[in-house]
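Next up: some structures, all given as structure tokens.
There are two complexes below, and they share chain A, which is joined by chain B in the first and by chain C in the second.
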Partner chain A sequence: MDALAQAVREAPATARPQLDLELRGIRKRYGGFTAVDGVSLKVPKGRFVCLLGPSGCGKTTTLRCVAGLEDPDDGDILIGGKEATRDPPWERDIAMMFQDFALFPHMTVAKQVGFGLEMLKKPKAAIAERVKQVLASFEIAQLADRKPANLSGGQRQRVALARAMITEPRILLLDEPIGALDYSLRETVMLELKLLQQRTGISFIWVTHDQNEAFSLGDLVVVMNHARIEQQGSPEEILQRPATAFVASFVQGNNVFHGRVVRAGDGLLLVETACGSFLVPGRGPTIGSEVSFSVRAELITDLLADPHLNRLAARCTAVEYFGSLRRHVFERPDGEVMKVDQFGAYAARIVAGQRVELGWRPQDTVLHTGSAE
Partner chain B sequence: MKLGWKLRSDIVGWALGTLTVVFLAYQWLPILTLGLLSFAGPTGGTTFPMNGVSLHWYAELWKATVMNDFKPPLVRSSLLAAACALTTIVLSVMSAQAMRGRFRGNNWFFYLMLLGIMAPGILVGFGFAVLMRLLGIELAWNTTTFLVQVSWTLPFGFLTMLAVFNRFDSRVEEAALTLGASRITAFRRITLPLILPGVIGAGLFGFSLSYDEYPRSMFTTGPDQTLPLAIMAQLDRQLTPEIYAIGTTTTAFSLIAVLMCSSALWAMRRSTSARRS
Partner chain C sequence: MSTIRARSAASYWLAVPAALWMLGVVVVPIVLLAWVSLWGGRTFSPASPLTFDNYTKFFANKTYLQLALSTVGHTAVLMAVTGVLGYGIAYFLTMKVRSPRWRLVLFLAFVVPFWTSTLIRGIAWVPFLGVNGVINQALIFTGATRSPIEAFLYSRFGISMAQASLYTMMAAGPVVYMLNAIQPALREAAMTLKAPPLVVFWRIVFPLTLPGVVIGQVLVFLNVMADFATVATVGGNKHAMLPNLVLLFYEGSQHRAASVVAVLLMACMLIGVIAALRVVDIRRLGADR
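The block that comes next holds the complex of A and B.
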């Protein structure tokens, strides 16, 4: 098990001062709609946390509760170990970066980057000095006298970041912070932000629906769905051991099966599905219980050998290319789509329209053990 | 031969442009007529042709006799209009802010606010006067007239501010809050500067609607008259180009006020956008 994920999960109560953020059972309802339903989270000092999930899953509402822009109906928020649930936003040790940056249209770059310090009632000369430094470090010194209307998307992003970071908050909340940028810019900006986070040691809570962002940036990835946390852990853990059928299907490259346990023993289950029976490692479920499991697309092969005990014949409907990755799309007997990935630039063995016998090892199969808490 | 769509749209453009010019003339010609006639000679009447050209009637206006001295009503109306403008600004910004939050019964609040526009002014004025009599409150231009005029000007300011807030991005306020600004500071530093053009618009509504209000003032003003009442009384007694001189003067004042407001706004924009380091 990943050491960080374990540390996150088992952080004892006495270690609370070391936590930058702790959420305990946050709940938020709007009329009849539950936006956040009992979200608990512990963020140790200086972590990069990504809240990942489809739109409407409650990730942004959770973030806004941390910022103090929403009042949770239930639960506690601790920032730096200090109870902050009812504190107004301006008294919290946080800063926030908004999706389309929410720059102040009537203020010059220098003025709005200095706004946070002005609110702290710092002397004018000190503010001017610090703004100059920060603008220089974000490489936007030449924009000091411009207004937001005269900035490009990438420049706005830097200004918003400089504005949020200047007071060196304990936590920076980022709501889809690069969603408004051109694709070509995103990768560079992501790398810069990751380095910035590591250099400053400020905890980043980054909300996104883009799993590439979450897995390439996050120390801790929190997958949310339907107002709840489905799974939290390191990127490796979530990629390799999805805890629920939702996580497995939301994360790219998993093939999910649902079925019923027909035999159990020796840490192995035989699960009957609409596509046949498969061996799945696992001890918990008893015979007759409904389970789901998944297998990653790159662990399925058409070059069958003895260990590939789980087998399935299917027809290839399409072949897609992603750089050095070749993805074969199959139609499963139950009508679902099954994906099989192969790496390398060599010629394709499988072509569209072909019926192929596929297989994978039982130990490459992941039983979904945890549901939402 | 069929005309290209570009050419056709040019022709339509010219036609609509001409219509606009005609309409503007229709709006401005009556005022222009008054303006011209106000410069009539000492023996001039109130209709064309003009009898000489002079500033006689402006001089008359200045050295007025007690009977037709328009200066006190002018001062009263200006003060009243300024007070209405300020009150309209404060109340319309506050009520439109309240509408942003959507509270229980906000629909009813909206319609009740608009009642001031719907209700016929002369009846509102009369009813208000009767009510004041019943309550034993003395009528005066700076109390009862003020109250009844605000009920008339406020809905216009309210609608203006609703439109302004409708296009307002509340995330900039939230950004200010997360940067350490309290609600009041965020309003002062972020919200107010951004809605300022609308605020000035609401104020102009308040001023101009109050300044020439007649029906609501008619019964509620008491002995010291406002300018529209004084002019109306003068029209009943005798009609001279002096009336036109008043009209021209006050129109000029209003224009100057509007120009000053807009140039102040423009100067503010400039000073914040082109600040040198």
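The block that comes next holds the complex of A and C.
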């Protein structure tokens, strides 16, 4: 027998790459309503994870289960490889930043930033010293003696972050942490938080309904809907290969089609939809099965050439500008909206009201293969 | 929509009826009371010379001083008892009762008795506490005691029991209000910062409800200090507090002595309220939120 293979098999469990967080089949019901339905997730050390989904999809409940603020009905939570499902919040190696920051109104900034260290029973002098350092590093040293009522939104956000980070937890849980900030502040704060996460190596679990946040921050994006994980992967994976019709329609810029497979072979499917038949790369589905697929708005063109075997005639209803992006909104034959994006600030070739023959290459079409868990 | 700005002429005119009322039924009588308490001489007339003799006489009498002291002591005990009971009830109602329907039912159970007058509720304790009263009958029935306990009625203990039942809701009400105003996220944030429940209570919940506690204590303080009815009915003629002394002097047509006690009672209350306001700025209630 191969000695190396034997050594690998007998290696102690701790030699495996350690996970900061592992969720195994978390379930949470409130009466008849299922808030979280079998969520499993592995977060390797020092990752930035974004839980993305519409409101009510279970992302916040999942986060609260990790914090220990909700008791899951079923499933296991491992923090740093250690079983923590039944641990109370104050015994977990986590910190949390709340949506409205949840600052203690009766405590000064210095007092509340030091609160976590006080709970860890650190000596007073050490706490004062550390609070000073942390306030300085978050550039809020001048606010030390103020109370939350006298802080701006951006200042509150920094205080909440400093308060959570001072105990250096293994995982920082963030519930829509920049949702309460002015729009103009958000981009700066996002960049700062990303750099902070990379510098400290603390895993961030960031709950948001904003896909821009999720895709610009997350190493791992977890898309949730109806209490379940629809897809998890890198931002590129989710943008380029949405696994379900929900993910495709939730992520901006996808055009989703539903239909039935009428022919299959050579890694290609012919799918009949209400808008006509289209060629979709794929091997799994058999003839007669119901499938969905999507194509990104920027991959559809009106400049038709030979490879554009997928064709569709539609009427343009509006043209919208987003910086250098020009989005044409079409009405599909099935009544749905179809979006076609073009880049560059030159004048539109297509104007509203025009009927246009559009097309895209079969290889740009993404078959939804279902939840990739 | 028309609005009336603060400090405009219209807003002052709107305050006139209330101001006249307060002047007539509060300010003028108090001034009269203070004036009468200073009347000297042998005849009871406005022509009397003004002296502090009446006060000197009061303070020279050991029995009266003892009475004043025991009134303050009794009030302090009542404040402590209603404070603890009231906080417990308030905490239970707002934090422990999750179902809104149960919360309403329990809240009504606490509040409905207060729809009858304080006097009636005070008197209602007499058949309850008496030698053949409900409590004694229950104690004898269960075998807890052989002969009825006489200490319930016409005793300091009985007065305290009756007053605690009368005034606990006054201590609880403001605390319920303050507890309701605490966002659940504050307690959760403290827990994720490694604070166990008792510490969360002591460091977060209690300080945030302190204004409510103080307001409740002020209400209990003022009411117990002024409560002659419960003392008279439940305490019989064996026990008296300062307000009973006012009544006693008044019924004996000793109007100057009655006003002296009344003024001293008011002074005590004023000092108490001022002390409470030093602890918590009631005017800034809720400003931190």
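Note that the second predicted complex is superposed on the first by the 353 of 373 C-alpha atoms of A that agree within 3 Å, B and C clash if a C-alpha of one lies under 4 Å from a C-alpha of the other, contacts with A are read in each partner's own complex, and residues count from 1 in each chain.
Everything below uses one rule, namely that a residue touches a chain if its C-beta (ideal position, glycine included) is under 8 Å from a C-beta of that chain, and two chains touch if they have at least 3 such contacts.
As the structure is a prediction and not an experimental result, all values here were calculated from the model.
Peer 1: Look at where chain B and chain C land on chain A after superposing the complexes, then choose clash or fit.
Peer 2: clash
Peer 1: Applying the touch criterion given at the start, work out whether A:Val134 contacts chain B, chain C, both or neither, answering first, second, both or neither.
Peer 2: Touch partners of A:Val134: none, neither chain B nor chain C.
Peer 1: Pick one for A:Ile94: touches chain B only (first), chain C only (second), both, or neither.
Peer 2: In the superposition, A:Ile94 contacts both chain B and chain C.
Peer 1: Is A:Ala144 touching anything from chain B or chain C once the two structures are fitted on A? First, second, both or neither.
Peer 2: Touch partner of A:Ala144: chain B, not chain C.
Peer 1: What is the contact status of A:Val280 with respect to chain B (first) and chain C (second): first, second, both, or neither?
Peer 2: A:Val280 sits against neither chain B nor chain C.
Peer 1: First (chain B), second (chain C), both or neither: which does A:Met119 touch?
Peer 2: both
Peer 1: Figure out whether A:Thr167 sits in contact with chain B (first) or chain C (second), or with both, or with neither.
Peer 2: In the superposition, A:Thr167 contacts both chain B and chain C.
Peer 1: Who does A:Thr108 touch here: chain B (first), chain C (second), both, or neither?
Peer 2: first
Peer 1: Need the overlap of the two footprints on chain A, from chain B and from chain C, as residue ranges.
Peer 2: 67-69, 88-90, 92, 94-96, 98, 100, 102-106, 115-116, 119-120, 147, 163-164, 167, 173
Peer 1: What residues on chain C touch chain A, complex-wise?
Peer 2: 183, 185-186, 188-196, 199, 203-204, 207-208, 287-289
Peer 1: For chain A, which residues count as touching chain B in their complex?
Peer 2: That would be residues 67-69, 88-90, 92, 94-96, 98, 100, 102-108, 110, 115-116, 119-120, 144-145, 147, 163-164, 167, 173 of chain A.
Peer 1: Taking the complex as given, what residues does chain B use to touch chain A?
Peer 2: Those residues of chain B that touch chain A are 169, 171-172, 174-183, 185, 189-190, 193-194, 272-277.
Peer 1: Please give the residue numbers of chain A that touch chain C in the complex, ascending.
Peer 2: Those residues of chain A that touch chain C are 67-69, 88-92, 94-96, 98-100, 102-106, 115-116, 119-120, 147-149, 163-164, 167, 173.
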